[in-house]
Amino acid sequence: MSLLSFEQNRAVDFIGLGRLCIDLNANEIHRPMEETRTFTKYVGGSPANITIAMARLGMKTGFIGRVSDDQHGRFITGYLEKEGIDTSSVITDRSGSVTGLAFTEILSPTECSILMYRDNVADFKLETGDVSEEYIKSAKSILISGTALAKSPSREAAFKAIELARKHNVVVFFDIDYRPYSWVSREEAGVYCGLVAEKSDVILGGREEFDLMEAVHGPLQHNDQATAQKWFDHHAKIVLVKHGGDGSVAFTKDGRVLTGRTFPANVVKTFGAGDSFAGAFIYGIMHGWEVDRSQEFGSASASIVVSSHSCSDAMPTVEQIQAIIDANPAK
Amino acid sequence: MSLLSFEQNRAVDFIGLGRLCIDLNANEIHRPMEETRTFTKYVGGSPANITIAMARLGMKTGFIGRVSDDQHGRFITGYLEKEGIDTSSVITDRSGSVTGLAFTEILSPTECSILMYRDNVADFKLETGDVSEEYIKSAKSILISGTALAKSPSREAAFKAIELARKHNVVVFFDIDYRPYSWVSREEAGVYCGLVAEKSDVILGGREEFDLMEAVHGPLQHNDQATAQKWFDHHAKIVLVKHGGDGSVAFTKDGRVLTGRTFPANVVKTFGAGDSFAGAFIYGIMHGWEVDRSQEFGSASASIVVSSHSCSDAMPTVEQIQAIIDANPAK
Amino acid sequence: MSLLSFEQNRAVDFIGLGRLCIDLNANEIHRPMEETRTFTKYVGGSPANITIAMARLGMKTGFIGRVSDDQHGRFITGYLEKEGIDTSSVITDRSGSVTGLAFTEILSPTECSILMYRDNVADFKLETGDVSEEYIKSAKSILISGTALAKSPSREAAFKAIELARKHNVVVFFDIDYRPYSWVSREEAGVYCGLVAEKSDVILGGREEFDLMEAVHGPLQHNDQATAQKWFDHHAKIVLVKHGGDGSVAFTKDGRVLTGRTFPANVVKTFGAGDSFAGAFIYGIMHGWEVDRSQEFGSASASIVVSSHSCSDAMPTVEQIQAIIDANPAK
Amino acid sequence: MSLLSFEQNRAVDFIGLGRLCIDLNANEIHRPMEETRTFTKYVGGSPANITIAMARLGMKTGFIGRVSDDQHGRFITGYLEKEGIDTSSVITDRSGSVTGLAFTEILSPTECSILMYRDNVADFKLETGDVSEEYIKSAKSILISGTALAKSPSREAAFKAIELARKHNVVVFFDIDYRPYSWVSREEAGVYCGLVAEKSDVILGGREEFDLMEAVHGPLQHNDQATAQKWFDHHAKIVLVKHGGDGSVAFTKDGRVLTGRTFPANVVKTFGAGDSFAGAFIYGIMHGWEVDRSQEFGSASASIVVSSHSCSDAMPTVEQIQAIIDANPAK
């Protein structure tokens, strides 16, 4: 019996909700950004990347978000459409907002940093009125990015989407995606991420991200199993704790603990590892695969993306991921 | 068997959380405020009034809130202490905030209005760090005022208090207390009040206030019974829908529907009716009285307060309320 | 020959510009405000007080300002009209602003303090569009209160009024009226007050207020004569440095230095001394009196106001001031 | 006799004050920005460009401004230093600000647009404390960019710099540089630009920019000569009205009206024309050249910059400008 059941008669497999941004990746790498002169533009933002990953894997996808009323906003919408992602709920914000930017610096494969532009960004202007009950209930699943909770009115829009998802049996994936610069305080992040985690079916995050949420309720335990149990007491069926390069541990409500294997990669940069993992992992879960097979699929996808210059643009197909798995048989 | 069980070995009966304000009541009544020249100062704010009501009824009470670092803030703290309310969690805010003000105009017993000062107020500066797990778990019950959810960081502090209350089996009373001027939008109010209602044991509000919360989940039903059932599906045991002068209807999780009777009053103004009702009603519930007897006690208390010039200062004792009940036997 | 010449064919003698507020004066005095229970409401704000003073002295007066769209705003406008002050340029602000408040505490005749409410106040919402060239040029003189410069768009409206006043030979009185709580920094106050002082004919302020402006240009000299000379190099004809209870020193562009005498008073509180002085002093100047006679008239007026409970309401008539002067012959 | 006299015993010829930004110029031109994928990074911002122009022309230059505490800020400071510009008054802002960005789109030589990032930018964080009297008085001249007046505290810092410049006989060049997106309203821009224009020796702007300032004082006259006279009544000696591709008209306080000739160019984009003109024009003025020769020098410089992909990076040397003039003899 599967942990999660997806309503089969739904037009859309997967909806992403939240941030639609632009990455400006330094073309001249292995040097400080002060010394780079040219940048290449890509669609970015964690939920955008994951949705693009899902589209590349052949899923029917859509997005709920806001983009700026300018060339950057139009670039994003155009890119999503080109990937076959439904943009009927991607709203052009006319308040004078801008598109969030991430300038990426790649000093070495393990030393990467990001210079963010997050003031007055369109994605945080998402309103409850942008979230359509009809649209939500046309989908099998929805992904909420924790960053969508960092500011109003995006936060309320995300809560509305979750309420409607629960009402209509849409499976809720929650990627905690904690970005300190978007929040007033760790406490604020912990409160709202915790409220969403309670209503989610699958929660993905790092150890530190789970700690954020637990800190609201008392002293920290730093125990993955206890963390998972806490959310199983609400609605969660799968809690996946990511441990960076060391892979991930998935806990299931029926008591299993599963460790994903990782794949060798010729690492260019670490950006995008989490999003490519999440996309392929969710793909597996939605196909009824075992959790550990889904983790393996996610890790193989991540190994492809970290070997490439971009995140969104490098999201692989099923065949590309399978080729990696086939080339690296489990011992 | 009682619907609610209160932990008996707790030092404090009841903690109020939220707004501590000042009412400036026009002394010359039955005229527009433009024509009044003098005002009398009282402690105000719905959770402050309810806590004062509880203290007058002999309960051991405390408060979690912030006051301004000035004469008004000191007046409030001093008044609470004089009433025997524990102020160890009433923090002096040093950010330059002011005390919220309500100038009240009494044109006639049924035409009252309030001119509010709610910019940069101390009560909204309450922080998660102000909410002590030790303090919460020393209490049998806590009252959350919905207005505390209207701004950050007060909102996060309220959520933290609720999480800790649930963790330690502290009964959560939620007074929706919707004040449109404190919120950005009705949608925002509906989202956060709904999240708190899900975690509350007893919810008090008017029809319109329940509608606010339901609007997040789809078309309104305007049905008190359906409303109550919605929250029984979460943690609520009692849902009380207030219908102004027509009294209140209480729904209980075990299926009862109870209507309180009302008492004649020589009405000076309508302000304070809800808070005095809430205080006496909660008193009854905490003493294990039947719900309808608690409603009657609340209504009798309200009849005293609406006959007086102030709200907080007019909160009656048990004996005063009982005298009204005795003088007006049920038919 | 007079230092200043006033255009005689103007319908209005004097226009005040800036703050229209409410004073809430503690009725129970000689105690901390925490212990007072009732307050009396008066129109307040320095330029309002000075304009009321001028009206009581029989001058044809008007006002340029914004009031809140509520009972307090209507009270102010009604009071000005009752005093015969033209309110055709007193605009009702519909942005949701409130009236500024000053709660006054009188601990003793020499220990007075004010608790201010200055967030989101209507007076700072004055816009350049509210300043009519026709209105300005209908007047002989205009008074700019420095506080009007503390926030936008009021600041720009004040600058526009001054430009139009200079264009049409309307004498500009500048009362520095520095209120630290309204400004971001002393430096900001110094910059804008200095720009107005350069364009003013008569400047009134305390030693500290002149220092604020001078600090922009280099190390302070703390020298009244040098201060006066600085502004004579621009447009000033009279610079009056107030020294609190010690009276004032007036410097004139033609080289005179004049000291006003002071009058005994049965001091209730010190509030309002400066505004009553300014009103009567300007009255004298506008009647072509010698500067020191104008100072004497101002001091006599101040002695009346400090002996009373209110500021605006206590502004005396010419006869009342003269009676004080007659009763206290110069030695 | 020269209109302007420059103090000769000064260590620095020219200080720029205001905006230090980054231009991200689309590499793929003649298409909408939605279709470009790569951008090249340059230092930008009008006063930065003019100061770089002056440095390329061999002048001893410095800058007063703030940069962000990140890779972009360090890139800017490093670039200025490489150009020989003194950065001792270029402060690293540690408030969490970002560097202003301008993404440029070149649809055709005459259709260019800019997508700006101007929220929370470092340049507007310049404070009065950053402006050193010692530094100002070490210079012969200072350039104020009108954009520095658009926000506090940069506005107050600019006013302080001007006061100190006047005190120490530092010639003030004022480039109105009106950018509507940086201002709350046209009225606000007009007020502050006008206050600076009054204190400036040389004013450069377009017809519309002069209108902005005049609108504060009454109905517009749209008359260049009247405009110039208005500012001659204050401190101006030269008023230069730019008419885009039609060249410029310079008015001098001693009554001359001078028209600059223009030079043919193989126009890539129009950005940078004004800044390169201003730099070379000021160079001429500071060398005591006739005004029209300075205009010619400015136009020749502009013809070089508009033929290039960048602004700052394309600023020419004296020899390069002279070569253009020599190749295009006046008829």
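Letters are used for the chains, namely A, B, C and D, taken in the order the chains are written, and counting of residues starts over at 1 for each.
Just so we're on the same page, a residue touches a chain if its C-beta (ideal position, glycine included) is under 8 Å from a C-beta of that chain, and two chains touch if they have at least 3 such contacts.
The structure presented is a predicted model; accordingly, all values stated were derived computationally and were not measured.
Undergrad: Identify the chains adjacent to both chain B and chain C in the sense defined at the top.
TA: none
Undergrad: For the two copies chain A and chain B, what is the rotation angle that overlays their Cα atoms, in steps of 5 degrees?
TA: 180
Undergrad: Please indicate which chain is farthest from chain D, where distance is taken between mean Cα coordinates of the chains.
TA: B
Undergrad: Between chain C and chain D, what's the gap in Å when you average each chain's C-alpha atoms?
TA: 41
Undergrad: Report the inter-chain centroid distance for chain A and chain D in whole angstrom, where each centroid is the mean of the CA atoms.
TA: Whole-Å distance between the two chain centres: 44.
Undergrad: Taking the mean of the C-alpha atoms as each chain's centre, how many Å separate chain A from chain C?
TA: Here chain A and chain C have centroids separated by 60 Å.
Undergrad: Taking each residue of chain A in turn, which ones touch at least two of the other chains?
TA: Chain A, residues with two or more chain partners: not present.
Undergrad: What topology does the chain touch graph have (line, ring, star, complete, other)?
TA: Graph shape here is a ring: one loop, exactly two partners per chain.
Undergrad: What is the complete set of touching chain pairs?
TA: A-B, A-D, B-C, C-D
Undergrad: Using the touch definition from the top, list the residues of chain D that touch chain C in their complex.
TA: Of all residues in chain D, those touching chain C are 127-129, 133, 152-153, 156, 159-160, 163-164, 167, 184-185, 187-188, 191-192, 194-195, 216-218.
Undergrad: Which residues, counting only chain B, touch chain C once they are in their complex?
TA: So the residues of chain B touching chain C come out as 24, 27, 32-34, 36-41, 70-72, 74-75, 78, 98, 101, 103, 105, 115, 117, 119-120.
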